[in-house]
Amino acid sequence: MSTSKNALSNWGRWGSDDQRGTLNLITPENIRLAAGLVKNGKAYSLSVPLEQEGPRWPPRQKTWRVTIHSNDPQGFGGSGDALMMHSHSGTHIDALSHIWHEGQMYNGYDGGKHVTSFGATRNSIDNVAHIIGRGVLLDIPTYKGVEHLSLGEAVTAADLDACAQSQNVDIRSGDIILLRTGWMRVFSQDRALFDSGEPGIDESALPWLREHDIAAIGADNHGVEVMGSIPPDDLPIHRIAIRDLGLYLFENLDLEQMAADKAYESFIVIAPLRLTAGAGSPVNPIAIT
Amino acid sequence: MSTSKNALSNWGRWGSDDQRGTLNLITPENIRLAAGLVKNGKAYSLSVPLEQEGPRWPPRQKTWRVTIHSNDPQGFGGSGDALMMHSHSGTHIDALSHIWHEGQMYNGYDGGKHVTSFGATRNSIDNVAHIIGRGVLLDIPTYKGVEHLSLGEAVTAADLDACAQSQNVDIRSGDIILLRTGWMRVFSQDRALFDSGEPGIDESALPWLREHDIAAIGADNHGVEVMGSIPPDDLPIHRIAIRDLGLYLFENLDLEQMAADKAYESFIVIAPLRLTAGAGSPVNPIAIT
Amino acid sequence: MSTSKNALSNWGRWGSDDQRGTLNLITPENIRLAAGLVKNGKAYSLSVPLEQEGPRWPPRQKTWRVTIHSNDPQGFGGSGDALMMHSHSGTHIDALSHIWHEGQMYNGYDGGKHVTSFGATRNSIDNVAHIIGRGVLLDIPTYKGVEHLSLGEAVTAADLDACAQSQNVDIRSGDIILLRTGWMRVFSQDRALFDSGEPGIDESALPWLREHDIAAIGADNHGVEVMGSIPPDDLPIHRIAIRDLGLYLFENLDLEQMAADKAYESFIVIAPLRLTAGAGSPVNPIAIT
Amino acid sequence: MSTSKNALSNWGRWGSDDQRGTLNLITPENIRLAAGLVKNGKAYSLSVPLEQEGPRWPPRQKTWRVTIHSNDPQGFGGSGDALMMHSHSGTHIDALSHIWHEGQMYNGYDGGKHVTSFGATRNSIDNVAHIIGRGVLLDIPTYKGVEHLSLGEAVTAADLDACAQSQNVDIRSGDIILLRTGWMRVFSQDRALFDSGEPGIDESALPWLREHDIAAIGADNHGVEVMGSIPPDDLPIHRIAIRDLGLYLFENLDLEQMAADKAYESFIVIAPLRLTAGAGSPVNPIAIT
């Protein structure tokens, strides 16, 4: 059995040929119970607009959409769009092939061998037909009594626990965490600040994610994790959560309405595009209460 | 109040400035009740692989994905993708701005005015945060006792009723219809045949869709509607369902596993990318039983 | 015969169905004589690097190139590139379909009718197989004794004449003018200034271009013409030179080495990509002395 | 000094850090003398139309151009294009970074190290500011008395010599060879045949290219070299000419008019787009007599 050097590791846990990582934590029972959280029939789109000036990892190209249209005033008119964009545009999810370290991807696969210009032959996004389950919103700025966390401010494991407790919500195996830092408010207020770094979880949250057997964690920022600057020197959450835990990160969420509604528990459906061999996908995660 | 010349019309029904069409038929109560259909916790991705040789409307460009990767054997490796594709690639949903006729879009908007190279300022896909509700699979070939319907074979309103009855399933306001013609089987068996036309609903189904107040209809073919050849001379379902009824069509579904499981009722979540001003979006519709 | 309202017009001059504009001024004799200017066998590429951070009209998307590569250590390795870019990227030439005014393109063609998402059916860049002839570099900052002209500084007809005289060079029918403003130096020194506007010719140069029967004019800035800000309120040179005179503009040139060499006369070859129905093309103009 | 294993090699000939290959054969004197070949002032564009259905290496994506246009009937109208294409689309030139073998590129550079998703750091197309010189058209089908060569028909060194002799043209150092096989006629007559393989030079032509110190060779087919099928098992001309000789290949030429005019000698200007780090470029080569 392959093992990561890191103590925090799920390598081999679901077989030496596993490519699904923490998706294995989601059982039909998880899904069935999570559906029971739908009480109001209120649905939230957690995606920001996917558009040229939308949020993106700063060095990447902007999303480019050009409409193709025709109009016969006596007959048909119609339109479609040519899209040119990065797979990690706007609100998106990272495949387990997105990040590797010291040559190895999740479950020990050789990144240099399995990822080429033609895509990933292991751990690609098409292993993720869907991520469905119980969503838990952790609204850190409300817990801390601030509008939003500040640049480089860490959210620790203790913060996660204290916030959950303040919201009177427990954490269960297979949960999908929605981490609100308030940073998406900064996007519309001060784009340069938004792109200069972010608040987010620090390394103390990694054992927390592992011990609670979280299936996925998303946040209202570029990369879930705290960064004093962009690009940062290291990305320990990407490195350890994606590579060692096989845990899914999804990013650039709009959690404002859920927070306003105190929608701490929800039924969540994340449906990536089934991009063969892709490293990730834009998504529109849906939370329902 | 604007009115379509066509007797089958929802123009003005939800206000003269409505851009959401049959999404208005989906109430929180619809969503709440539909969530109650989740009994097994089994989820189906209805998307086909999104890849270069995947299904597409024949004249359109193929989806192009190029992976961007880097690998420092002592440090980080990683990958993302450059995507070049049509908004209506593979499994996708049509916005109400996708089709218009005689100059007018759904609800009377002037297509020539509201759709430019920069997108649609009315009826675009970003009006569709999500389509959620009760899914009803109508498995026509199983009802008819054939492997798949044939090229140009029409599915009539009577077929829809008879199939529903044979499956012992009723049709309700706000339902999302999953029409199985078996045509996606032809895709892997005979690509040229798949692209030459398709079985699908004919015009007799339009009053049926209107009377039942269907919110959306998807199928396992290019365009939901019967076509003797591609491109056809007319697209009456696109013309009347999209333009006059403001009804959502979604296409190129994989319904094989649902049919095998006789999953006639399900909870469905369709989450288009929130493409500002877009004419449609690739999607990965999720059905849960 | 159609006529532009503008007194400065070549509409109809080369026939009511002409789409080539001032290319008609270039005769085999022009080309033959211009080739005689090759005395040193020294060639200049007038193109800037075509790359992500290269010069571009500010609102446009950046050029995106992603390399597709593969490497079998025992066999073939190889690479190609996926390009996503605007036709008017970096150093480029404008087709006569690039700009129109009050509904009409060069020679009276209806722009709204002849230009669609599928391209231009009149005046497109594929009418320009090549532009070849005598090049005349007018080095305005050297003539004025400055490093470069300043933001919003106009180059007048009188400046053009005085500069030509100072360089002891005459102007002939069919000439290709290379206008040096020095502004490309600003590109590397102060990108924000470069993008905020530019020095260039003003409207007084239009009769000069017409009277001298210039075939094309290029410059070391975004748009040949003086702009106090970008985007400007009007683009009189684009409007009148392209639309009324059918004159070719090419832009974002690197003229530094030619200026250093005082290469005032040269043999020039401009070879646009033969983009069917395109509005312009990136180019690498070559000047030879 | 690095050396290729192959006896036919220019590695090290122009220094161990050379990246220009046979461009080194082109001297100012070559250019000066070639310009003297301009006697009629007649120019030929050797590019085919660059368009969706134009010639391309069969597995590659089609060129995609979408026009972006706007039209204010009382003010400006205008258009530009979004281009999505492979760098080796239509008529194009191969950079020396296009092909390598057993890990090494021209002049011994390590292909696996120097070529990444971000481009080539050695031997890229931006080393080729221009290729200018004497063009020699070798019209093989006319020499052989056929309309066009046939699928898989080899052009040998003896054929090249005999054809040159029949045309009464000598071959000189730094020449640019235009090899006409007639295959581009097949493109419009039988696309499937055109894409199934091609006539072209065989390995016997390699010493010929080296002994004559040819600077570049282009042809009216996909790849200059004979191929019995596409893709072929080997590409010896690409392998040895590009990698070992550092020789430039350019492809998909339209040589019909030059052949009709018996324009055996010409002045040629090839001006690749100056794509930083690119593996090649679409081009519009110009020949002038």
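General remarks:
So that you can tell them apart, the chains are marked A, B, C and D in the order they are listed, and the count of residues begins at 1 in each.
Throughout what follows, contacts are C-beta pairs under 8 Å (C-beta built on N, C-alpha and C of every residue); 3 or more make two chains touch, one makes a residue touch a chain.
A quick note: this is a predicted structure, and the numbers were derived from the prediction, not measured.
Taking A-D and B-D together, the pair of chains sharing more C-beta contacts is B-D.
The pairing of chain A with chain B is characterised as same-residue: of all residue numbers used at this interface, over half are used by both copies. Measuring from the averaged C-alpha position of chain A to that of chain B gives a distance of 26 Å. If you average the CA atoms of chain B and of chain D, the two centres end up 46 Å from each other.
Within chain A, contacts with two or more other chains are made by residues 61, 64, 66-69, 82, 84, 116-118. In terms of which chains touch, the assembly is arranged so that all chains touch all other chains. Remark: chain A residues 27-33, 35-36, 38-43, 45, 47-51, 54, 60-61, 65-69, 71, 73-88, 90-91, 97-103, 105, 111-112, 115-120, 126, 129-130, 132, 235, 239, 267, 269, 271-280, 282-286, 288 touch chain B in the complex.
If you check the complex, the residues on chain A that touch chain C are 52, 61-62, 64, 67-70, 84, 116-118. Here chain C touches chain B in the complex through residues 64, 66, 68, 82, 84, 117, going by the rule given at the top.
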